[in-house]
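Across the two complexes that follow, subunit A remains constant while its partner is subunit B and subsequently subunit C.
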Partner chain A sequence: MSVLSGKNIVKKYGKETVLKNVNIEIETGKIYGLIGRNGAGKTTLLSVLTAQNPATKGEITLDGNPVWENEKSLSRICYSRELSPVTMFGPNNFKVKDYLNAAKAFYVNWDGEYAKELVKLFNIDIKKKISKLSKGMMSAVTIIIALASKAEITILDEPVAGLDVVAREQFYKLIIEEYSETGRTFIISTHIIEEAASLFERVIIIDNGEIKFQENTEEFLARAYRISGDADAVDKATEGLKVYHPESLGRNKVVTVLADKPDENFAEGVQVEAVSLQNLFYAMCTNEGREAM
Partner chain B sequence: MLDNLGEDRSIYLQISEMIEDEILRGILNEEEQVPSTTELSKFYKINPATAGKGINMLVDKEVLYKKRGIGMFVQTGAKARIIEERKKNFYDTFVKKIITEAKLIGIDKQELKKMIDDSKEG
Partner chain C sequence: MSDLSKRAAKYYLVQGVRLFIAVLLGMTFVGTVWILTHFGETNYVESVFYRIFSLGTVFMIMMNFMYSVYSPGWYDSMVLSMGARRKDIFWGVLIKQITFIVCYAIFLSLMSILTSRPERIKSIMMSSAVSLFMGAAGIIVGHAVKKYGRIVYHIFLIIVLGVGSGSLVMLEHREHVFTLGNATKYVIAMAGLLLFVIMEFVIYRLNKKSMVA
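== the complex of A and B ==
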């Protein structure tokens, strides 16, 4: 097993600190979900981890070797970035096949046959210019590059943004198929949590430039509860626990709590329910008193 | 096969219960092969490790066993074991709930018994 590790990463853009002392560990052979709101720092973190963007402070290593300007480490990682219909010089006039050829030259384990299959599956015309693609097609191209790279550690940044429901299902199935066959590591960032949650063996929650949790998804959810009932009873039952997003309705109160361990016993008189990853995430982010953007 | 997994309980528990249900209903018979971890994870779009955890739980409970190089099979006697376990939990999982709800809406035990006697469900 290999480890991609980031220690004490700080990233500043001018005066703004986008990553605040982030520590992260990615063990190979697992599917990771990186979850955060828009602007939480997901893309910055991924680009810093893959040395596409220098950290202001901190250290990124793969098996103890620095990743920055280290061809050997970088050849094991694929970060398939979102494509843009425009470049600094105007419309993005590169064709899909130009991107595929560049990827072929760049990724040592590139699987051309697999790329062809995927192009067919997603129904992409490779002679089309990037600027002429729909948002969904652009997402599909980044997915094709990521999968066909056959890189040991493959990072997908918001891969399903813009994909319709059929293509999203296809994407999830492709990831599972590829993972089952090869055991490659996938890091998938998303803010569409509900449908992807069960795909992730481990979940990393980033909020406001800080990593709040990185944990086995099942274990994480096993210690999360939604407690409801009479306000006094709820307060009593949740005393001493970290309470997120309290809501009241008349004398009723609903809170989300994260206990230290699973199978927490709560006092009688309250209703205890499980929490989905999406609802837990929502409760955590709402708690900070920041409204939706 | 369930159409979808719920979010109210751990997914691996739902996987193992679903397989148990299929054994009880005779959709999966003893000494028959069960879907592989990969098949399950693709079907439900869940992490293979999660599907594996559900399967392993059933191996521990002696409901399934592994034939090396082939896959997972239903053990002989699995059905009886599942029934025995579910019978043990029947009071806690079902009867208690019914009594609590009946109390809440003022159905007394007499009435409840009559409902069960008159039930057309078999």
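== the complex of A and C ==
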């Protein structure tokens, strides 16, 4: 098993610190979900981990070898970024085939036949300019590049943004197929948590430039509970636990808690329910007192 | 030379040839329009070829500059996002520019020989050197645009227009700052090459920390 590791990563843009002493370990052969709010530092973290952007401080290695300007490490990684319809000079006039040709040139394990299959599957016209594609089609192009790269560590940034439900299901199916056939590592950064949650073997939650959790998804969710009931009973049941997003309605109270370990023995008089990844993430973010951006 | 360097070199070589073919098609279109417009006039073949030659040398310089401006924030950014190293991009861009200029210089030289005007080859060599220099300048402007935004590009264009207009006015009034006689083309070519080399050192340093835009 290989490890992509980032130690004490700091990234500053001018005076703003976007990543604050981040430590992260990506073990190969797993599917990771990277979750965070807009501006949490997801894209920056992925850019730094893949040497697309330099870190201000810190060390990034793959199996102990630096990733920065290292062919051996870079040839094992694909970070398929979101495409933009505009550049700083105007519309992005590159055609889809220009991106595919560049990918073919630079990804050492590029699978041209697979790329053609995917182009057909997502119904993409490769002669079209990027600026003329819909948001969903642009996402499909990044998915095609990521999957056909056949890179050992494949990273997708918001891959399902703009995709319709059929295309999203196709994407999840492709990821599962590819993972079961090759054991490739996938890191998927997404906002659509509920749909993708079952894919993630491990989940990484980033908030305000810091990694809050980095854990096996099942174990993580096994520690999370939604507790409701009379306010006093809820307070008593959750004493000593980290409480997120408390809501009160008259004498009733609802909270989300994250215990240190799975615990079914809460005090009597309260209702205990499991929490989905999306609801847990929502509760955690809301708890920080920062509403919708 | 590593495998990645070879793949990057091949990719950029193809880009250089593609750029040449695109400009060549543009030139062919303009040339055809001129031929049709001047058909039947006295010495129209020589006149049209002279125009194409003059436009061709300007095209060589301007197109290399324009594409170079786009390079750091667009083309190279895409390549960097696909796992290329910064040093591969540095050498790749050089390969692309040199491929374009060499192809173009060969094309113009052949035209000069075919029209029995081999003395134009000196001008082509000078334009090639100036094109290299403008290509390097374009990359530096491109890095500045990437960092500070399009305002840099507009400022640069204003400076170029100012200097260009000033030069034209001086030429019109025969007010030369200095005269070089027969050595003019050689001096300009040498100055262009010297500035190109200096700028490449600057580009190498800028490239070392470049980021995906």
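As a working rule, the second predicted complex is superposed on the first by the 292 of 293 C-alpha atoms of A that agree within 3 Å, B and C clash if a C-alpha of one lies under 4 Å from a C-alpha of the other, contacts with A are read in each partner's own complex, and residues count from 1 in each chain.
Note that in this section a contact is a pair of C-beta atoms (placed from the backbone, for glycine too) under 8 Å apart; a residue touches a chain by one contact, two chains touch by 3 or more.
All values reported here derive from a predicted model rather than from experimental measurement.
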{"item": "First (subunit B), second (subunit C), both or neither touched by A:74", "value": "second"}
{"item": "Partner chain(s) touched by A:108 [first = subunit B, second = subunit C, both, neither]", "value": "second"}
{"item": "First (subunit B), second (subunit C), both or neither touched by A:199", "value": "first"}
{"item": "Contacts of A:31 with subunit B and subunit C, given as first, second, both or neither", "value": "first"}
{"item": "Which of subunit B and subunit C A:222 touches, first, second, both or neither", "value": "first"}
{"item": "Which of subunit B and subunit C A:52 touches, first, second, both or neither", "value": "second"}
{"item": "Partner chain in contact with A:99 - subunit B first, subunit C second, else both or neither", "value": "second"}
{"item": "Partner chain(s) touched by A:176 [first = subunit B, second = subunit C, both, neither]", "value": "first"}
{"item": "Shared subunit A contacts, counted only where both subunit B and subunit C touch the same residue", "value": "none"}
{"item": "Subunit A contact footprint on subunit C (complex, rising order)", "value": "2-4, 7-8, 10-11, 69-70, 73-74, 78-87, 145-146, 149-150, 153, 209, 211-213"}
{"item": "Subunit A residues touching subunit B - in the complex, by the definition given at the top", "value": "30-31, 169, 172-173, 176-177, 179-180, 195, 198-201, 217-218, 221-222, 273-274, 276"}
{"item": "Of subunit B, residues touching subunit A in the complex", "value": "5, 7-12, 37-38, 41-42, 44-50, 53"}
{"item": "Complex contact set, residues of subunit A against subunit C", "value": "47, 52-54, 69-71, 74-75, 77-79, 81, 87-89, 94, 99, 102-103, 105-108, 145"}
